[in-house]
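There are structures below to look over.
Across the two complexes that follow, subunit A remains constant while its partner is subunit B and subsequently subunit C.
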Partner chain A sequence: MLLFLLRRIGLMLVTALCLTFVVFALTNMPAKLETLAKTQAGSRMSDAEVASWLDRNGYGEPLVMRYGEWLGVWPGWVREDEDGTVTGRCVTLRDTPEAAGERCGLLQGDWGFSTRFRADVADVITARLGATGLLMMWVLIVMVPMALIVGVLAGMREGSRTDRTLSTFAIASTATPEYVSGVLFIALLASSTVGISPILAEWGWIDGRVLFQGNARSAMDNITLSNFTLPVLTIALYGMGYVARITRASMTEVMTQQYIRTARLKGVSFSKIVLRHALRNALIAPFTVIMLQIPWLLNGVVISEVLFSYPGFGWTLYEAAVNNDIELLLASSVVAVVVVLVTQLISDIGYVYLNPRIRIS
Partner chain B sequence: MKDLHAKREAVRHPVAEMYAREHAARKLDRREFLTRATALGLAVPAAYGLLGLAAPEASAQEPQMGGTLRMQMAIKAQRDPRTWDWSELANACRGWLEYLVDYQRDGSLQPVLLESWEASDDATTYTLHVRPGVTWNNGDAFTASDVAHNIERWCDASVEGNSMASRMGSLMEDDALRDGAVEVVDDLTVRLNLSSPDIALIVSMADYPAAIVHPSFTGDDPVANPIGTGPYLPVSYDPGIGAVVERNTDHTWWNEGNGAYLDRIEFIDLGTDPASWIAAAEAGEIDLNYQAQGDIIDIFDAIGYPRSEAVTAATIAVRFNQDNEPYDNKDVRLALQKAVNNAIVLELGYNDLGTVAENHHVCPIHPEYAELPPIESDASAAMARLEEAGHAETEFELISIDEPWQAETCDAVAAQMRDAGINISRTILPGATFWNDWTKYPFSATEWNMRPLGVQVLNLAYRTGGPWNETAFSNEEFDSLLDEANGIADADARSEVMARIETIMQEEGVLIQPYWRSIFRNAAENVHGAEMHPTFVVDYVKYWKS
Partner chain C sequence: MDPLNWFEILARMAQQFLPVWVALVVTYALSIRFKRRLGLYGKLFDSTVGMIGFGIVMFWLFTALFADIVITHDALSQVSGMRNEPPGAALRDPGDLYPYYLLGGDSLARDVFSRMVMGAREVLRIAPFAAMISFMIGITLGLPAGYFGGKLDTGLTFLANLVLAFPVILLFFLLVAPEIQETIIPSVMAGVLFLVPIVFVTILLNARFFTQPAKRNLYVGGVLLVGVWAYTGLVFDADPAGFWSMSPNLLNVFVAVVFVNAPTVFRIVRGITLDIKTRDYVAAAQTRGEGPWYIMLWEILPNARGPLIVDFCLRIGYTTILLGTLGFFGLGVSPESPDWGSTINAGRRLLTVYPHPALVPAIALMSLVLGLNLLADGLREESLKD
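Take a look at the complex of A and B:
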């Protein structure tokens, strides 16, 4: 088990290293650096000004060296101006001129400086991950029970009318990407001129102008049913269909097992068979899928957070990419790798505990 | 304007009196008169006095104190004010960083940190009178040396992206302030000695990068160390998310009682997709937007956020870069120009929300505008001319940014060229990459914000080697005429030179400039004083809510 864990962590490190280097190389292409200089110091700068800005801010060194600086295996760049002021990577990060020439990268715990948000990357990422954590928690609270109920109900009697109806619903929801469902929800539920809100307002069923808010910015301070429903629903529905399909497949398989037939021949009631004998065995597969679904949900988080302007991790990733915020993008990639591999790890370990056959062998 | 009533005497100025006569003779409309007369140093009531009119009262309603205003506006990472390249950067800071003068919605200049100024008749010497009794919010007194310090900062062209340097040319030498250009006469008087006449100097000081900073300001973030003269202070500032500004209770503002009505202003950055602004308005989370365009204006109207309009000299320049083939050939430029009917571009590309322009980048609302014979488009003549130039088969490419109104305008331009039989393709670039090369594209469209005087954009964009010269236009006669115009205070006289300048622009086929844009803002009905401003100024110090 220990060896397995070590191997997994080693894999995680190698993946993160490769991914961050690719991101680093892509964000440091000359055209991208020019964009960065222009967003930082004036969009209408001349080429000479861009070159001088890049040089003064440590972007002039070779790519590999700067990647080493970010990792913390190479000393940060230092530059002394004519008037004696010392600038440098570590001077900015540590806020003291004495730090010039030290190493200050990932290994030293310095995640760098976000050019888009003008703050330490570590602070930005922590704050934004917190916001996304809340969103994901609500997504899982909505998605998991809904998916399991739909899947179990559909899988109980394969081919029945309930099965066909619920399966159609599940397929439809998983086939609708977030950028479609999100827009549809806004049009249907969050507009005072179209959809059902004007009707409800006319009947006096809702106090405000709209049923739900099509903008989740206020959820940053205070999460309410009104401002959080649509983003949560948008992400949850997409993941829900997939998990429900897997649960259904697993359930139908269990329902054809010999021991279920035996129980039924012995006269055990249908509800008792489902609840006591089938359910637990049928939930092993969905558990793995739910864990593997979490990294997929990160996709949905990017789309949904941007659509509803909710400043979480996905929104930050988008902003960092659009503004070529190099160190923030790198940190986001590290976080994404960690999320993917940690959920995989949990699903592997959890599987061992849920499935006695693997545990005993 | 109310604050000025008691204090001002009508300081007479020979040129201003001539403007008044011109106005009487209906040569000038009121807006032109105000811009010109106030640029020469007349205070607004005095300028109105010359017209034989009383200055209008600030507003019929008495502003109410208190309340929180929530406004949709992009919040970008801050930096040194003189390097600001977006009005939004300035707008967020207007509560504590004030200006020497303000450009008003009606086209006049209002003194702020200056009490008044005078120009010599040839516009080569300016005397600035600093407003007495102004203090910084750290307790220091605001004096003439603070003004001199800021002018010196503006003149430092060695700072990357310092766009004020391009406006202060007549005070500069070797990329820095010229010795003797600024004299501090006494605590409240500054004299400026210009190397060449510049009628735009005072107007330039109302431009958004000209915010007045404290002598201790060295860093690049005016929010982190918010020493200013205004009545507000920043509470938070998060790029991409929003900013909060609250009234500064520890500071006595010089203009107490004539502004600073709101307790708190929240700017909310909702990204660039107008659909999320609408969603936020529907949810009741914003009171007004920053700027609405196209269909979005109507949608906001429909959900109870009526529009306000500002007529501007803002425009889109569909320009050729003469450093690139085949646009170095004048006949090609003129042929392409000839194929385009500007009125149709306005209708298709901008929903008719503006006025037709004449391909010379001087607007009828500019004081020195000279009317030229109308330009006519002619598709067959255009094609014939192109054939003559040997470019009948050439494939042209018109580049635009992905912003809808700009893309649609270029589509309308390209469609007309196609109708004339010209082989043209369209390329749309995302905003993040478009601005990297905006001065170098062979044939592309650029958005230009307005400047109060006609000579200002010409100086920036069409003079040989001008900092923002994206057309690579270089014409000796044009340059010398522009120098001449820069020194003529008399409107009619300048207009005559301007007529020649405009004609050169047209004859040389420098650009297709289809229309002047009106700009719009939608605000809830209980928001007052927040009408759209022609230069996108969000002077929230004057806003109030009922």
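Take a look at the complex of A and C:
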């Protein structure tokens, strides 16, 4: 087991290195650096001025060396002007000339400076991640039980009418990407002119003009049912269908097993068979799927945060990409990649741990 | 003129879709009549779910085909006074234009209905082909990985997992950016990705016909001719006849979507191959002395078709969703484009006041993907009955 773990973690580190290098190379394309130079130092620069600006700011070195510096395994670049002022990667990052020549990168906790938010990348990311963590927590709270209940109810009696209805519902939910369900929810529940809000308001059932708000910015200070329901539902709905279908498949398989038949012949009641004998075995597959679903939810998080203007991690990623904020985009990518890899690792370990039929020695 | 009520709108829309209805009725009548002779496709008509899904998919397919007859206005032209008008609004001064905006006007006074219909064409022009290319790549790499195993398998699986560990949305932001289009990256990736289908078909035919050189030369030569012709047009935009061409924008989108999909197909094909290569008929072919590529492509692949066809349907749906995502973030599409993702994006700004410009493409996209998923479900059910 220990060897398996070590091998998995080693593989994960190699993957992370490869992926971050790809991201680094793609965000540090010459064309993007040119855009950066123009936004930072004036848009009417000539090509020669752009080249000299890039050179002065340490973008002139080869890509691999800059990757090493950014990662923190290679000393940052240093440059001494004729009048004796020292500039360098670590000098700008740490505000002291003494830091010149040290290593300062991801590993040392120097994540760079965001040009979009005019703040340290590390601060921006931690604040935004907190907001998204809250969102994800509610998404999982809504999604997982709903998906499991739907899947178990559908898989309990394969081919029954309940199964047909719930399976169709699950298929429909996987066919509704976040940008579609978000739009439908807003039009149906959050518009003061159409949908059900004007009707409810007329009957006096709701206080405000709309049932739910289509903008979640206020949820940053104070999460309420009205401003947080729609973003959470939007993300949860798309992921739910898939988990429910896996649960159903797993449940139908378990229900055909010999030990279920034995229990039934013993005269155990149906509800007890489902709860005591089938459920525990049927939940192994959904567990891995739920863990693997988390990186997929990232898609939904970006879409839903942009749609509902909730300033979380996904929204930051979008802003960084749109505004060519290289350092912030790099940092967000690292976070995203780490989330993906860690959830994969947990799902693998969890699968081995939960499933007694698999033993790794 | 008075605006139309909902009943009149629906009636007029049904009238516009007339060629689609005719085509659907003909397809269904012929298919049900001959369903016993049509293999898996015919069996589809035994399952209600499959039939409903097939109907929805074919509806959109025919809509895309007959889009020029179905639309009421040009998808790009603006008519004064029709900004954000509700569904069924009448044109102030129709002239020889169609006198109504059936599903209202968008924020630039264009007809929502016509844009939705033209959007179907945009989506169905890319999604099935992207899914097809992803499949060819996945099969070409997945079969040898599963069949030979060893270092090749380890290497390819690592690469596939690398791509799969990349968050899709991040890949889109990085890969489908205007700065990237100016570089050589999309062309190189397209060069590699489009080469695989040609290699695939060539090996496929060669493995089967290499004992009959005359036939082999004819088939492989024909494939290579068409393949190289399409390849020069698509990758280098240098087709002398101008038949195959792809704007850099579209090429970029295409490459990104194929890149995201291919590793998943690879994993599926590899898994199936690992299972099938232990069967007796594979051992029989090996004993007969067949080459590895013949066994992979003509013994293993045909027997893996069930799950692959099902996944193909799902993958077209997923590709549609990905294209919508790209459009939603305004990546790689021209702002004028009527594709559903960008229309949803354009409509979402005024969503709470005028929901129809965003709602119409949203429902269209949802129904197409739902149709594909139902079709896949029906196919799965019927193929399991074999």
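Structure notes:
Criterion: the second predicted complex is superposed on the first by the 335 of 361 C-alpha atoms of A that agree within 3 Å, B and C clash if a C-alpha of one lies under 4 Å from a C-alpha of the other, contacts with A are read in each partner's own complex, and residues count from 1 in each chain.
Simple rule for what comes next: a contact is a pair of C-beta atoms (placed from the backbone, for glycine too) under 8 Å apart; a residue touches a chain by one contact, two chains touch by 3 or more.
Predicted model, so just to flag it, every value in this text is computed and none were measured.
In the superposed pair of complexes, A:V86 makes contact with neither subunit B nor subunit C. By the touch criterion stated above, A:W53 is placed in contact with subunit B alone, subunit C being left untouched.
Within the superposed three-chain model, A:I206 lies out of touch with both subunit B and subunit C [touch as defined at top].
Once chain A of one complex is fitted onto chain A of the other, the partner contacts of A:L129 are absent, as it touches neither subunit B nor subunit C. Of the two partner chains, neither subunit B nor subunit C is touched by A:I196. In the superposition on chain A, contact of A:R217 is made with subunit B only, not with subunit C. Residue contacts after overlaying the shared chain place A:V180 against subunit C, while subunit B stays out of touching range.
By the document's definition of touching, both partners, subunit B and subunit C, reach A:L307. Touch criterion not met for A:L345: it reaches neither subunit B nor subunit C.
31, 35, 186, 190-193, 210, 214, 306-307 are the residues of subunit A that lie in the contact sets of both subunit B and subunit C, per the superposition on chain A. Considering their complex, residues 49, 158, 161-162, 165-170, 173-175, 177, 179-180, 182-183, 317, 321, 324-325, 328-329, 341, 344-345, 347-348, 351-353, 355, 358-359, 362-363, 365-366, 369-370, 372-374, 377 of subunit C touch subunit A.
Across the complex, subunit A meets subunit C through its residues 11, 15, 18-19, 22-23, 26-27, 29-32, 35, 167-168, 171-172, 174-177, 179-180, 183-184, 186-187, 190-195, 210, 214, 295, 298-299, 302-303, 306-307, 314, 317-318, 321, 329, 332-333, 336-337, 340-341, 344.
Here subunit A touches subunit B in the complex through residues 31, 34-35, 38-46, 49, 52-53, 115-118, 186, 190-193, 208-210, 213-215, 217-218, 220, 226-227, 306-309, 311, 319, 322-324, going by the rule given at the top.
By the touch criterion given at the top, residues 77-79, 83, 85-86, 160-161, 163, 221, 238-242, 268, 270-271, 275-276, 278-280, 282-285, 302-303, 432-433, 435-436, 438, 467-468 of subunit B touch subunit A in their complex.
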